[in-house]
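Structures follow.
Both complexes shown next keep chain A, but they swap its partner, so chain B is in the first and chain C is in the second.
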Partner chain A sequence: MNADSRYFAGLDMGSVSVKALILQNDRVAASGLTPAGGNYKAAAAKVMEEVLARAGIASDDLSGMVVTGLGAQSAPWDAPQLSDISCHARGCHALFPSARTIIDIGGQFTKAARITPQGSIADFLMSEKCATGSGRFLQVISRILHIPIEEIGPLSLQAQHPVEFSTNCAVFAESETISRIAEGARPADILAGVHRAMAAKVKMLVKRVKLEADVVLTGGGGEDAGLVQAVGQALGLTILVPENPRLTAAFGAACLAAEHKRT
Partner chain B sequence: MEATQQVKTTAVKGTETAREVRALVKNIYKSAHEAKANGRKVAYMMVASHYDEILRAMDIVPLPTENYAGLCAAKRDMDRFLHKAEADGYSQVLCSYARIGLGFDSLRKELGRIPDNSPDGGMPLPDMMIGSSAVCDPRFKWYQATSRYLEVPTFAIDVVAPPPQADLNQVRDHYIAYQRAQFQGLIDFLEMQTGKQMDPERLWEAIRLGDRAWQLWYDIDRLRVAVPSPMPSQDHFSIMVAGHYYSGTQTAVDFYQKLYDEVKHKAENKIGVTAEEKYRILYGGGLPPWHTLWIFNYFESFGAVFAIENVYRGFDPVQVPSHVQDPVDYLAWRAFLRATRYHDQARTRSGSPAVEKLLGLIADYAIDGVVFHACRSCRATTIGQTHIKSELGKHCDLPMMQLVSDMVDLRDYSEAQWKAQIGAFMDALAARARRA
Partner chain C sequence: MSIMKQIEALYTQRGVRARELRQAGEKVIGYFCCFVPEEIITALGLIPFRIQGSQREPIDEADTLLEPMACPFARSCFNMALKGQYEFLDGFVAPHSCDTIERMYHIWRSNTPSPFNHLINVPHMMGPSSAEFYKNELHYFAGCLETFAGRKLDLEKLRQAVRLYNRRRALLRELYALRKAVPPRVSGTEITKVLVAGMGIPAAEHIDVVRAFIDEVQQRPAPRPDGLPRIFLWGNEIDDIAFIELVESCGAHVVMDDLCTGTRFFWEDVPETDDPFDGLVQKYLCTHCPRSLVPQAGGRADDLENRFGYIREFAAQWKADGAIFYIVRYCDTCELEGPDLKEYLTQQKLPVLMIEDDYSTTTMGQLRTRIQAFLEMIA
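Take a look at the complex of A and B:
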């Protein structure tokens, strides 16, 4: 580490992908992500190498770094570790200073947090051990419908008669989806139904932390326009979404690394 | 820490005296086996039902089946009993303590003997079962269901408490009279089973010992206001064995006296649980995760100590009026006064005795954050927890967190999720400290 440089790194080792971001003088110099696969260490090394090259610096040029995410303990660097909820909160606060509630829909869990005007956590909740409340549900449906996950959002917005799922369980929803396909339901309507089911779960979570506007939806779920719309409709308000929602925690981690340096 | 988590379930204790509890637990089952061998009566029983002293006065050896479930979980030997109960048709949403007990009795009936290698030698066949409506409904129904496997007499006692809004002056006599009749019914039942008459003097002696032990327990908890914390909640989850499973005996009094002396010494000499106590946590409610008690040491690795808890020592000492001269009347009065301890206070502020008690603990113990444990199969301690947390938030500005699993069923626990939550909770505590 170079104590005098102005480069700070954030590394978010999530269940689906590992994300890295470099801040230079509070501006994003480079970012990237790679699938976590079964080897967190290798994925982290790979994505860091890529973003450092893109920023045109070496790891020794970094002045600070914060690691977050479920796989943080596997990080191949001796850097401070913070919870991903805190990093999302910090990232959302930097991007949307008016944000008071954040929703992170990740591959493993969905989290809802109420944050202070200063960007720290006031209260938070995580989804239960249930795939319906996480991005895993979308992955399951994507596989059944043979639709790439990045196409789910745009397609679901074309729905005309969203399917009502009679279950809140991703496992049962899988068999229900197959039944609906057999009945001739359109993929767009099935996907919109999935989004509604997820939005209902998110709404329960957000209500428990006491919804306060503005609301930011971050994490991989933020890249799904259909899900964002469904959550907005369920909560009855407009949802703010970062430009690169999957990178918000890495961005927040880099911001926190810079803050730690300053203090 | 990671390397030991898979095999170690228990927590490192903060006090020396708490380490002696394991012998007390072993003795519960050893005493029951010895009693059976010597022709004494053994009873399956439910703690916190205010009748412990009656059993002691009648020379009946108590066999607390809930404790046995917790023991199986701490030994990570609960699955065979849970699976057996579920195979017999008991749903996974039913109380997991009850499922372990039912599974154990079912397996014993099927095998014709105590299941091999049962923790602490297993439970001997009881001579009777005494259920209770105190705390929750499974404690009332459990032994009725157990009758499917055991042909022994069963008695279920009703333990009542008025709602917080009740005018205590108006309902007091009725509640006490009803409770007295319930205790008398139990005594009549026990006299029939044992062929012996209750000796009032022996009952008074058991009450005196019970009250003395609970007073000492209360006094120990008052010492725990000290900073740094001289005794953590994981110790409380062990030392409650004396108060609940040895109530009405000299053993409980001696144990708490020894613990009191140790905690007093630690408090006076500022000997804390951790080298650096950064945060003082209140265990706000819910049964402890017996399967993973090391989690309290995990909190301590962040400098967070559970200074006090709202579980198990469910009653503060109460003053029964001096005109009460009959021991059974005394038990009824004591049960009523214990149950209504926070009622007046609740009416003047939050409306909830539980919230009032928590607010008192937060103030007295200089609490920085509150953690609840929601147990999927324990309706009594989980339903209302979200509401209590929400109500508490109206009267104090502290980080709060609700962990979800079960008291003994490991299938409801996720280590990754808990660690992620705990990480965020620590961040919230740090942020609050910075704001302050």
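Take a look at the complex of A and C:
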């Protein structure tokens, strides 16, 4: 890799999608996202090729790179690996210097972290092997209701009588959702109920790491306006959301790659 | 065969040596946890064998008889028994360490009875009346075992056994002292192998193994400084290297522990008392398993210090930078003790990562993120 140029890459190999981002002098030069599918390596190669082309550079022009995410070990590059919690922390800190608590609602897990004013982790917690608080829950509901995932948020905000879910388990919630549809509940009310159930799980995680404002919600969950609102209501405060929440870890990884070169 | 090869063989092929001894006419007594005085078994000329599960085999047979929301360690052990992997045991001894193990005694005995079966009633409260009760229980256990063995317990032989096991304890402490160096001269992964290897062979043979291993470690060149964080482990059963190997592969040294497969079973000597049963009671009653309760002392701060002061000393002497709690899922005692211990250690400025796991090597990928983030946090 070329030490004189000023491009840094962050690659986040998540459970649902692989994200890449290129920083040029602390500004985002290009970013991209592709489904992880069954092949992390191929997805990573594809998305990197895309963002490099978009930035108009070759991989040799990169001065540094950090890889993160659940699939980081299968990265086809020999680059430093950091946990996505550190990368989210760094990314959120750069976007919102006032951020002290981070909630990452990803495809597989939900993570809550408290961060220092300098953007490093003070404490963190991850949801256990449970899909209720994660994006997986939304995917399941989206499939049952035949509503595309990106329409879930806006529709949820139109709810008038949110459905109460008696269970906190995504698998049982699936059958419960079907019962509610049979009873004639409106999709908007079902979705708002799902968001409330998820927010309750998230609240428990955040309270355990000790909530401190400001709170940033990142990961795919940040793109769901209904979920953001439900989490805000559960915690009793306004939630900050990055412009592209799914790219936060890739952005943080690129920032860390740049910092690493400077020190 | 190099000493590490020998340890590897004992670690991976558990039970091989016990089967050999049995073929030669010896009787093997399987037992659970660290509350059963091996000294009594040894003094009666029997071979103690600590029952372990297998994190590398799925639990299938056991779940046809048990509910899956029970301790996966106990279920795994029982699974192996159902599959005939403990057919070499002549005796089965369970202490009432926790409710799971107590119930496991009855279930095990009903399904895979051994010629000798015994439950030792271990009191939960560490106090004077408990000591008296436990001494009676140990006499009762020894009496039952005498009948099975067809010989009387010779107190002189029991004193010899106490000295034998104390010799092993001293050697293991000597081995642990080699972990104090920065960086440690021996990895947590190696230590686990040495300890687990010893659980299925007579103490006298384990002593030779540990002695040879210490000699080998002492000849190693001092490792170069690497600045990697040093981890203290707290929890219950870690009888497989997978988890410790994962922590070390993420860039850390596991340097000290409070585990029932670690310091908990060997750290304190059995005092050499006139009546050897008194010494046995003193050591085994005060085993640091969270199922045992230290009588409450003073206010909250005094109480935490009284319960966990030894952990603070362990962490300080072995220069730990962070503590990881590894709790086998559904272990109520650990899960209820964890928050208090976390509060105490956090006050001592020792960051804590609490992990609950399935007693299976297949979960390691999911744990990696947590461990990486924790190591990045304490770096």
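The definition used in the following text is that the second predicted complex is superposed on the first by the 263 of 263 C-alpha atoms of A that agree within 3 Å, B and C clash if a C-alpha of one lies under 4 Å from a C-alpha of the other, contacts with A are read in each partner's own complex, and residues count from 1 in each chain.
In this text, a residue touches a chain if its C-beta (ideal position, glycine included) is under 8 Å from a C-beta of that chain, and two chains touch if they have at least 3 such contacts.
Since the model is a prediction, treat every value here as computed from it, not as a measurement.
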Query = When the two structures are superposed on chain A, do chain B and chain C clash or fit side by side?
reply = clash
Query = Which partner does A:L211 reach: the first (chain B), the second (chain C), both, or neither?
reply = neither
Query = A:S83 contacts which: chain B (first), chain C (second), both, neither?
reply = both
Inquiry  = Let me test your reading of the model: by the given contact rule, A:E128 touches which partner, first (chain B), second (chain C), both or neither?
reply    = both
Ask   = Any idea whether chain B or chain C touches more of chain A?
value = B
Remark   = Note: overlapping chain A surface for chain B and chain C spans 70, 73, 81-86, 109, 113, 120-124, 126, 128-129
Request  = Please name which positions on chain B make contact with chain A in the complex.
outcome  = 2, 386, 390, 393, 399-402, 404, 412, 414, 416-417, 420-421, 423-428, 431-432, 434-435
Note = Per the touch rule, the chain C residues reaching chain A in their complex are 351, 356, 365-366, 368-370, 372-374, 376-377
Request  = Mind listing the chain A positions that touch chain C in their complex?
outcome  = 70, 73, 81-86, 109, 113, 120-124, 126, 128-129
Query = Where on chain A is chain B touching in the complex?
reply = 70, 73, 81-86, 108-109, 111, 113, 116, 118, 120-126, 128-129, 208, 210
